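Next, two complexes with subunit A in common: one pairs it with subunit B, the other with subunit C.
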Partner chain A sequence: MNKVKIKSKNLNVHYGQKQALFDVNLDLNEKEVTALIGPSGCGKSTFIRCINRMNDVIDICKVTGNIEIDGVEVNDENLDVVSLRERVGMVFQKPNPFPKSIYENISYGPKIHGKGDTKSELDEIVENSLKKSALWEEVKDRLDEPGTSLSGGQQQRLCIARAISVNPEVILMDEPCSALDPIATAKIEELIDDLKKTYTIVIVTHSMAQAVRVSQKTGFFHLGKLIEVGKTEKIFKNPDNKMTQDYITGRFG
Partner chain B sequence: MSNEHTVKSYEEELQNLKDSLIKMGSLTESQMSDSMDAIIKVDKDSIDKIIKSDDEINKFRSVIDIQIMNLLVKRAPMAIDLRETISSLKISQDLERIGDLSKSNAKKIKPLPLDLPEELLSNLKRLGDLVIKQLNDVLDSYINKNFDKAKTVWEKDEQVDDLTNIAMQSVIDFLSKDKKNLDFSTHLIFATKNLERAGDHVTNIAETICYLIKGEYLKGSRPKGKQAQE
Partner chain C sequence: MTKEERLKKRHSAEKRFRFYGLASIFVALLFVLILVQNIFSKGSSAFKKTVIKTEVFYNQELLELKNGASEKDIINADFYEVMIESLIKSFPAKNIDEENELIRLFSADAEYEIKKAFLNNNNLIGEKIILDLTASDDIDQLHKGNYPRDLPEDRRRISNFQLAIYDNFVENDKISKNFNNYYFTKGDSRDPELAGIGGAIVGSIYSILICLLLAFPVAVLASIYLEEFAPKNKITDFIEININNLAAVPSIVYGLLALQILLATIQLPRSTPLVAGITLALMTLPRIIIPCRASLKAVPPSIREGALAVGASKFQSVFHHVVPLAMPGTLSGTIIGLAQALGETAPLILIGMVAFVVDIPSSPIDPSSSLPVQVYLWSESAERGFVEKTSATIMILLTFLMMMNFLAVYLRQKFEKRWN
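For the complex of A and B:
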């Protein structure tokens, strides 16, 4: 088993009076895909948003407990959030390319993080990122066209390329395929398989089949609590917890 | 939180599969019992009926195959439902083989003389009764999801092996008394071996049920009788 990259200890999150996460203890392994499953509102997205401090932008959100990347506390006030988000990229449910060219969508991140000083350096980053996200062959002759002109699946791969462009260590994916057709989904899943050789990936998904296909570890959340976590194969063949079994077999609610 | 599926038709499909398997099991049990009775009584009139009942068992096997394929394609079952579906496939295969063995035994009745020695018949009957009891117990353990009962069946196959050995010896004794007995003794040897094989299929079913219930395979090797070790 790979070493632990991200470790949460007694992680609690409140949105105002409402508690969204309760004492979550979860280890995520390096260069592995961890899938988080559970019904809507169970806290899985809140959890991944703690990893790159996306919850900071919500005024009423309060995070307590610990979450560490390589042993360094993410919630440390003195931590540079910009460099944290350089290390932890994110892809969302709906593809959200910038209203700019395909090229600029990729080059924007490296530029603001002070990478790629020269045009040729940027060209290289753009090409490599698009190659890693399996989009290069489809867009290499139209880099000046707007990112929004691409199909939904291509836009999502563009967003993945954008996340990769700053050379992160972790990629968070929040239901990355829920707006895509089965072929575009298959391409993203193929990409995830490839990306896990380089990056630590956390994916939130409502598709059990997708969790089984792409992940090595699965965590099941319910009402803000991590109910069960284990090897994906074990969770879907023979989970220990009855709630997990009821959820994955469709006996919930 | 309820134990039923949110989708009612999924619940029904799984229940239908279980019902088919129970019916197939019950047919297999009756067929084996009839076939055993017919051998002991050397009742040649029952042969056709027993052979015919195998068709019914085979039909169930096809129905179960279709039910399983529909479940897999429509529901992509997970966890206990996945184990239930896959186990049904395996159990139905073992039941079908048991049916074939009972049919094969019925066919062996035709050349038998009506005056077989009492001791030979009683040894064969003891073996047959045990295998039928094992089949009955294993089907019970499936219906009631009783792990301990399934495991006991698995362990008791040792006794099937021992009784096979005894029954086989009495056929050999019978044969060695008079070489004229060679023809039907061969049939009796095959019939005895068939019962032992049926016992092995029952053991497979017991293993499958243990996996179905606990999600892990039984550890270690099953106790084996003297003859099976040789």
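For the complex of A and C:
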């Protein structure tokens, strides 16, 4: 069992009057893939957006409770979100490469964080990031082309490379394959399997099969509450909670 | 109703709609065509001026100059006598009245044209050269066919004697039409043949530049702040509503405001491009903010999130990613706003730009005219020569506007990034 990397305690999130998360207590282990499943609108995405404070962007969103990464409180007002997001990368549901070249897409993060001051250092970071995201062979000859000219699956791997480029500790993935075809999905899953050796990964998914394939730990959310969390095998073979059982067998959701 | 009937009705509704659409486009084009045709037919002749080939004799006895005289001496010298002598010789006149009528065939600037030729070549003392002297407005209009010569003499500005001279000139091939350089280089004048839009163009350019320099940065920064940084609350809602209201305020109200604040209170110089530029900037500001905010809004939120997620600060995500993507739309909105400002007349009239300004402004704090105000001024003048000048100036103004609008469309199409 790996050590706990991220720990949430009594995490509550409100969007205006509406409460989106209720007292979520969830531990995420280092260098492991944790899958979050549950019906739409159950709070999975809200939860992972708390980890890198992406909810700050939403004016009406109010987060209370604690989230710690390596024992450091994330919800601390004095915490610098820029350095937090440098440590916690994120990949979104829809591939969102910048409308710039493939090279610039990846070099942007290191540049703003002052990593890679010289061109050769940046070249190296770009190459390594693309290799880690298994895109290097496909794009090495056309790094000047716009990132938006790639196929959907390639764009998503580009976004993963962009997240890797600043050398984070945690990568959050918000339904990274929902806009992709099965072949591209298989590639991303393979990639996730590979990345977990280096990074702590949290993935939100609607596909049970995907959760089974990629994750070691699974959490089931329903209506803003964390219903059950445990080893992926146990959750899918022998869940304790009846609701979890109903959901994974497709009886609701 | 049977299925066939319904289908038929649907098809005929579609046909009717297509017909209405085509008819509307046809009507719109027809109006444009009438406008363009009208302006063009009246205005195109203003780009030519009538000149009379005249032999000028730089008679030593009438000039206090020597060959090789300095520029200053030439400018100070009096060429009036030389002009009179040369003009009178161009046609045999019997008495002083006829001589005066003869001289009135030429523009008031004939003396300066003779002087200018000497400035270009200061070794002309005692020489005779042929110069193209600008004809007076009456002869100009007569030669362009705009003057009714079959009226009785007492109702004509041109006497029978003058008509006879004109016919003689035409017969001897002395009269011709040249490119009207005066129209582009001179300022306003009481004499239509000497009036030009040079001052108005310079005044308009100064005004628009000041308008751009003031309105663009303020509008862009205001838009970025309101769209990206400002909290969404009642105050920002109120500001947004008021910006939209300001864009709809009639331009003459801005003129009144400028009259009260800029001229009466701050006492900036009247009739100047500086005041015009500030007034137009006030008017253009909301008209740039609206398209700028629309372009910022059109940048998908996923771009902002992507930047934030790699650890860009709010400022970096906005200025590295959002603003560059919004720039094409902002620029084209700005150019269209400026084009509107360029054609604006009412506020400029209120701040005194209707003044009669002969000199071409050398700085934004010199009194000046502007293109639309020049159109307004000339359209009120009685002389026939100003009719063609009015239409020609409208053509110039429309050309500028079209160029700006084409530039706006070009910028948008060339640089706008598309995302799926």
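Just so we're on the same page, the second predicted complex is superposed on the first by the 252 of 253 C-alpha atoms of A that agree within 3 Å, B and C clash if a C-alpha of one lies under 4 Å from a C-alpha of the other, contacts with A are read in each partner's own complex, and residues count from 1 in each chain.
Please note the rule applied: a residue touches a chain if its C-beta (ideal position, glycine included) is under 8 Å from a C-beta of that chain, and two chains touch if they have at least 3 such contacts.
Bear in mind that the values here come from a model prediction, so they are computed numbers and not experimental data.
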>> Applying the document's definition of touching, compare subunit B and subunit C: which contacts more of subunit A?
In response: C
> Of the two partner chains, subunit B (first) and subunit C (second), which one does A:Ser165 touch, if any: first, second, both, or neither?
Replying inline: second
>> Let me test your reading of the model: by the given contact rule, A:Met54 touches which partner, first (subunit B), second (subunit C), both or neither?
In response: second
> Does subunit B (first) or subunit C (second) touch A:Val204, or do both, or does neither?
Replying inline: neither
> Which holds for A:Asn96: it touches subunit B only (first), subunit C only (second), both, or neither?
Replying inline: second
> Looking at the overlay, what does A:Leu130 touch: subunit B (first), subunit C (second), both, or neither?
Replying inline: neither
>> If I apply the document's touch criterion, which positions on subunit A are contacted by subunit B in one structure and by subunit C in the other?
In response: none
>> If we count contacts the way the header does, which residues on subunit B are in touch with subunit A in the complex?
In response: 1-7, 10, 76-83, 214-216
> Can you list the residues on subunit A that touch subunit C in the complex?
Replying inline: 52, 54, 57, 59, 82-86, 89-90, 92, 94, 96-99, 108-109, 112-113, 148, 159, 162-163, 165-166
> How about subunit A: which of its residues touch subunit B in the complex?
Replying inline: 208-209, 236-239, 243-246, 248-253
> Considering the complex alone, what residue numbers of subunit C touch subunit A?
Replying inline: 231-232, 300, 302-313, 316, 320-321, 325, 417, 419-420
